[in-house]
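The following pair of complexes shares a single chain, chain A, combined with chain B in the former and chain C in the latter.
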Partner chain A sequence: MSFAGDITVAVTFTEFTQPEFWISVGLIAGIYTLVALGLQLNTGFTGIVNFGQAAFMAIGAYAMAILVVDVGITFWLALPLAILITMGFGVLIGLPALRLRADYFAIATIAMAEVVRVVAQNARGLTGGNQGFACAADDPTNCYFSTWRDVSGSINEFVESTFWSDPPSYFPLFLVVWVAVIIATVGMTYLQGSPWGRVLRAIREDEDAARALGKNTLRFKLQSLAISALLGSLGGAFLALNLSTIHPLVFEPLVTFFAFSVLILGGLANYKGVAFGAILFWFVLEGTRFIELPDPPFTETRIAALRLAITGMLLIGLMAFRPQGMFGKREEMVLGE
Partner chain B sequence: MASERSGAASSASRPGAAEAKASTNGALLDVDGLFKHFGGIQAVAGATFDVAPGSITALIGPNGAGKTTLFNVITGFYRGDRGSVRFDGRDVFGQPPYEIARHGMVRTFQITKSLAAMPVIDNMTLAAPQQPGERLRNVLLAPARVRSNEREVHEQAMELLEIFNLTKLADAYAGTLSGGQRKLLELSRALMARPKLLLLDEPMAGINPTLGARLLDHMQRLRKEEGVTFLFIEHDMEVVMNHSDRVVVMAEGKVIAGGEPREVRKDQRVIDAYLGAGVGSPGGGRRKK
Partner chain C sequence: MEAGQIAEAASPGLRERLEERLRGSPALAAAGVIAVIFVLLVISQGLHDVMQTGLNGLSLGAIYALGAVGLTLVYGILRLVNFAHGDFLTFGAFMAYLVNVTWGAPLVVAVFWAMIATAVLGLLFERLLWGPMRRKRAGFLQLIIMSIGLAFLLRAIYQWFWGTEIRNLDVNRSDVVELLGLRIGQTELIVVVVGVTVLLAVGLMLRFSLLGKRMRALSDDLELAETAGIDTRRVVLFTWIFAGGLAGLAGVLAGAITNIYPEMGFELLLPIFAAVILGGIGDAFGALAAGLVLGVMTEWSTLLIDARWKIAVGFVVLVIVLIVRPQGIFGRAKAI
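Take a look at the complex of A and B:
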């Protein structure tokens, strides 16, 4: 290593003292919490491995945007409608795919997510394709985020006049997302504690046993997938509101696997762990931005790759020492097989 | 009474028969001319037999006779090729397993399906039929009703666990139980589903004789007190001869004999079937792994 002696690694800690850093990490972590809560329901509690969460996010985002800009209905109606559309889509996909064995279902969901993304890239009339989607072609004031920006502005005016003179523009979205995260986490925990949730766990353990006891397992799995679609589409819509353009690349399969990393960090079969997993994951991924290495040899692209590598090593380390994640139950992992 | 009938004497199933709670001959389960093949293998080749209400009926036969496949077809886990299965006056052939279980025909499995990563008590409460809390609508809109039903179900479950001496293990994960305890759990869980007919696939396999004896006592008691009917697959001839009142014998996918244990034991076709399969006489008391 000829250059080994010359390397100076520096991490600037000043960024970590800025509230903007924490709020932007918190915002993206909150969105991924919603998305991963759906995966928790599917994978952690129903035993169906859903690799297509990015598709639900994409449909939620695009449906909301199209309903606002092209159909012209109000944002407040468009958002719940977009969620309903995504849930319906989830059921349509689930009807044939949930009859497959768990591993084939997982493959089918990846395919579904890619089909959705490729359609979004090519159905240019509907989604704007690779140009992205934001506003009506003939009216630059008619954008999918217009209503939200107005509301967001009023919230920030209120914040400025009360406790914080200089909030970042995404502070209101951060607040809304975390309210949604709390409601979703409490709600999912409540559902899981019900007899309905018990049937889901039975399906995770052994679907035949559940069927032998009179449970229509397909119905429960469809409900599980539909609720996951609800959470995914809500996350997708929030993600879109945080951007100024919806682009197909936002919904790459990588997004789903980030959400799975969040899930594993937080721990399987535990809803409250998801938020902690998301914060840890995004803190590491964003925090590693501030590692300063000499250029050359560490060019910007190399450092970007290095950040992912560090995050990956963190995951591997956690799996080695704490396979159940931060909040998962070890018994439920060990006894699973 | 239950009797072994030839395939030709099929029971005339009249769809309009309103009074038919049991089929024409009074049987609780009436299987007629049932076929199931896998590729070129005819696993069940025209099985015909019935199970009288309140009986303990043993299903025996050499390895590969098609007993478990027959169970799977009767309970809807496999789709049969043709034939008829009538249970409690209903045609259940081709119905999905959960429907059949809801009619009151509940099965256990050869390899116990205790839900390992769930506590024993959840295994039990899961099985209660018609729970309002299994519908999301009720969970969200009628939580009081769900809670009160849940209390009842929990009470029933604890009563059953008490009977099976599993009370102390109620909060343990089912995966931590011994093999024998799992068998007991699976039986008591099946009882939570309020069955009219219990199909047990080798309930004695892999458990110690003391526990096995207790299991048999439970079967006798449940039959007497709750009127539960049993159909069970068993290889231990001693158990079959001493604890069942009807025996159905299968070989090569067909039912070759049926009747009281003593008659069946002497039946030349039965002896031939076992000898032909090269596993000794049915009195041998052999146990399948």
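Take a look at the complex of A and C:
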């Protein structure tokens, strides 16, 4: 490897002034905000370390797509049904797993996420396996995203006629995702201030004490997990709508840890920080695409490796030097015994 | 009539006694379950197929067990759920690849080099990360997320230097040995023999050597071990050498019978975790036994279901164990 002096690192700053760049960063950041809000509720406020969020995303996306294409339900009914299915799955997993200690629970949830991925890859009749899932085999116009594309098209027509002549195709999804993010952030903050939210915090601080006060802690933890499944499946469905094929690799375990990076960057036990964490994280990861690095030594695989390394160093560095992230409160961090 | 009545009267007592025995000794119960599965499989699939898949499973099981023993000791002694352990296996595999393929040295040299290099890697991170974090009194979540970050960083380094393509060690992949009517690849046989021999040596060392006893004492109760005058710092360093070396070996063995690529360790990590939990977290003997059992069970499953589902077997066993007996087969109730 020759790191000779003739290597020029050109950063094309023009990309960063384009609205398209910010909207695409904003879209993925918004989706991850939803996903990480669920993790915030679990890990930040209930003290349960959920490493299986990618599974909830996958089930949300696949259930929605299968209901639309194979069952033939309208998209507007399929989306809420898919979310309900995922919540039910969360409760089913939580019933045995939430009785376990935090570290066992973490391992159990990552194992669950792997099982879901193996099923998505191998149950070809149901999910299309490694070919991915998009449209009905006999009808290429019957796709899981068909209804959404129609709606999205008419939103963009309206946008074009009013304030922006040339919006990118994913602009409507960006709007919808951020409306959902705002509703979810406000809603979760409100819930946290309620008596219900205070019980969750009590469980996080000392589960035995909460139980001694007569609280059915398993029930509260199940509710926490179910709400996290709701947010995760919504994020997964949005992620699917941004693609034209749902592929098992979209929901690999790495996705959960991207969401954890977002969560920790924003800060544990703070809902408003999640969106900031998501924007910063995805700005850095997506921004690396536009730093023009010379091909040897920077091949495509190596740039992917660089993104992975950034994520890894971010997690290590934050945990070592600033475990509360940007907006977290140190005194609220009950990071295990 | 009378005899029947006596039998009926005696049978609940017998059952109760049996139940009590099994509750007292879950390892016996597990052995019973495995024996029943074995007999049922032999009846339905024939002895030859069951033995053949079981033999294949031993090579996989030895790899799981070698990985699990280090992971469980690190957990027991340092309370660290090390998600980077799988990437230690990958490190061993790539180190062996470097020596064996890139430099063209014999595999034996590569194995020793991989073990030493991975042990040094373990020590390095103990000095750089885990030691300082323990002194800071870092919590469980902090450590677990840090280990995930380390796993990503290591994987990124492999991907930078070796890319994502699938690589193989320079081993004999075609010759087949016949043993009592069973067929096994020459390399696979070597993996089984090396794996099981090292596992036996590890078991004996943990059972009888002073270091092994100290490790187990620390894993049981670190403060009590310290009070008893054990130099815990030294034992911690030896634990990392031990865990790293075995992980390196497991990585080379996995590389010899399958492929080498940056994600290989992560894919092995979850069945290894399953073995750790099955054996009871922190219990080295439990991890040894559970790793082997899990490998054999995984291969047996191919008799009944399509082989592409077999990687789910470990997780299904894990979920069943977590529901029925979360402290593992060999663990004690206080652990959950």
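Methods note: the second predicted complex is superposed on the first by the 316 of 337 C-alpha atoms of A that agree within 3 Å, B and C clash if a C-alpha of one lies under 4 Å from a C-alpha of the other, contacts with A are read in each partner's own complex, and residues count from 1 in each chain.
Operating definition for what follows: contacts are C-beta pairs under 8 Å (C-beta built on N, C-alpha and C of every residue); 3 or more make two chains touch, one makes a residue touch a chain.
Because the structure is a prediction, the values reported are computed rather than measured.
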Contacts of A:I316 with chain B and chain C, given as first, second, both or neither: second
Touching partner for A:A111 - first (chain B), second (chain C), both, neither: second
First (chain B), second (chain C), both or neither touched by A:L308: second
First, second, both or neither for A:P195, with chain B first and chain C second: first
Residue contacts on chain A - larger count, chain B or chain C: C
Contacts of A:D206 with chain B and chain C, given as first, second, both or neither: first
Shared chain A surface residues [contacts with chain B and with chain C]: 333-337
Chain A-facing residues of chain C, complex: 81, 129, 132-133, 138-146, 148-157, 159-160, 163-164, 266, 270, 273-274, 277, 281, 306, 308-309, 311-312, 315-316, 318-319, 322-323, 326, 336
Residues on chain A engaged by chain B in the complex (per definition of touch): 190-191, 194-196, 198-199, 201-202, 204-206, 208-217, 223, 331-337
Interfacial residue positions of chain A with respect to chain C in the complex: 43, 49, 96-97, 99-104, 106-108, 110-112, 114-115, 118-119, 122, 253, 257, 260, 264, 299, 301-302, 304-306, 308-309, 311-317, 319-320, 323, 333-337
Touching residues (chain side chain B, partner chain A) in the complex: 75, 77, 96-98, 101-102, 106-109, 113-118, 122, 125-127, 129, 131-136, 139, 146, 149-150, 153, 173-176, 189-190, 193
